[in-house]
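Structure below; questions to follow.
Going in written order, the chains are labelled A, B, C and D, and every chain counts its residues from 1.
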């Protein structure tokens, strides 16, 4: 691909994130009833909210299903939350159609084999530092930051900075 | 500024702390109902209590709101707990007036963009080691310790040591 | 032993895992009623499910007992879950008989002294990076990964790759 | 002191441990009602149980108070659990009398200022790697392991090995 990394980021019009290992560190706390409880990062939350406020569709696709996770993500203003998804490719195509987006306009960040098929299709596949080797190999950008520790903030902030949509007045001072 | 770092600390008469990423490591556990549960550090708690016992106003300003956090901080003796705050600058000015303090007498420790506007105004802006770059750039002191791992203890202990208010009899032995 | 490590893995027909320090990082959260709550890793979960789908008996033997852990492991499709086990050797022999397996066909991963007696008997004793020295000394493979951080994924993935049962189409691309 | 470290350990007849920052990593999870929930390490638990089985008095003194912590420690067979203690020195003298022990026969592991007065009195004061500087300075042994990560196991195992009471048959093989 002849395009530079910065040019790629300039094309981005939407984000799709996996949950476990991306928005979380991949650990689940096992409640007495077997329910799986996750941890997320406030710094990621700030970036997700900023992207939505800047008008980007932000979508979540996860094989897991959890009412708490949905509630947290809705609280950040995310509307496209698809949990318990078995066919991530089908959902990906729905998202493209729903938001009238092209593959090269999409950042998808995933960390494990179930993300692989979608990441072959999407324009800008990304991964946290601790993704499995297969996922890192197929990614155009591997964050230096691990899942749950701010890798989502990292890629959102980079896209919004390139497009001059990151925190208005702060942008000029730091970039 | 011609003043040395030690002189700055000698001027301190009050502390203001952010919660997420400062008193916590920035992670939130997402309960089934979507409630966000935090973790704090007992070593920070000891320092907060010591500062209050030494007569310092210790104030908490957080954009988040959580009944458990309030209960924990009240248990340490903190009275000025402002949660769910959208305009941190307004609250900052209220604190100055309430405690009759000047900006150069205040330590404020924050870690992310929402802390930035206040940190431009306060006399001694500080940050944990893992604050975002913008916040570290505006800080007069960046702790070598991460959020939730004792950065609050670090700055409180430094101020109280300079002012010879840290643990009476132990002070002489270790400093 | 004249066999190479790869030959050993080729012989594997079943897996046995300890829970604390192997499927978890060895920490337990102490609930108000004294109940112990564990954390597990989604990447390990993916590997456990893949091994079961590939037809391997996957067995869990733990001295601890916890209804949430059982529920989580059952959700991954594991049927042989033995919790609250005081005599791991007896249970090990039952598993051999139940699944008609020989010692040299078994991977057992443990991390602490209670695993030692079984690990002397099993064909391929393994350990996470942070197992106690006695266990590492008796192991034929010590994962570079700590308990709860993916050591279970590591050994399962290695066995399935050697036997060409790891993720079908992905296998060809990455190994 | 002319005695070697190994001689000191040979004298040990009882253990006293602080909770926060020693049996835990110093973090507390803040429940919605403000209750503080701790995490402990299964490897420490194994060592505590082994020490008790070998006949050592094992005592817990903590300024904090928590019903879950009590339940967990009782489950390991610990009988001397003193929580919510404000005067650790008074409790220390009670323990000496109750078990007919002399100061030089006691290991005490603590991590922060409230442990300091007792650690000046006890024969073998110890600390985890991440104790505060004052505590490390007064300690005869600083474990290379952090609080909650196995520092309790470290000191118990060392004492029991020197006294040839660590895991009978395994002892011969590994030491």
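We take it that a contact is a pair of C-beta atoms (placed from the backbone, for glycine too) under 8 Å apart; a residue touches a chain by one contact, two chains touch by 3 or more.
These numbers were taken from a predicted model, which means no experiment stands behind them.
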{"item": "Intersection of contact partners for chain A and chain B", "value": "none"}
{"item": "Interface numbering overlap (same over half, different under half) for chain B and chain D", "value": "different"}
{"item": "Chain at maximum distance from chain C, centres defined as averaged CA atoms", "value": "B"}
{"item": "Intercentroid distance (Cα basis), chain D paired with chain B, Å", "value": "31"}
{"item": "Interchain centroid distance [CA atoms averaged], chain A/chain D, Å", "value": "44"}
{"item": "Junction residues of chain A - those touching two or more other chains", "value": "29, 31, 35"}
{"item": "Chain-level touch network, classified as line, ring, star, complete or other", "value": "ring"}
{"item": "In the complex with chain A, residue positions of chain B that touch it", "value": "20-21, 26-36, 64, 112-114, 116, 132-134, 137"}
{"item": "Footprint of chain A on chain C - complex, ascending", "value": "29, 31, 35, 37-43, 46, 66-72, 74-75, 148, 150, 167, 170, 173-174"}
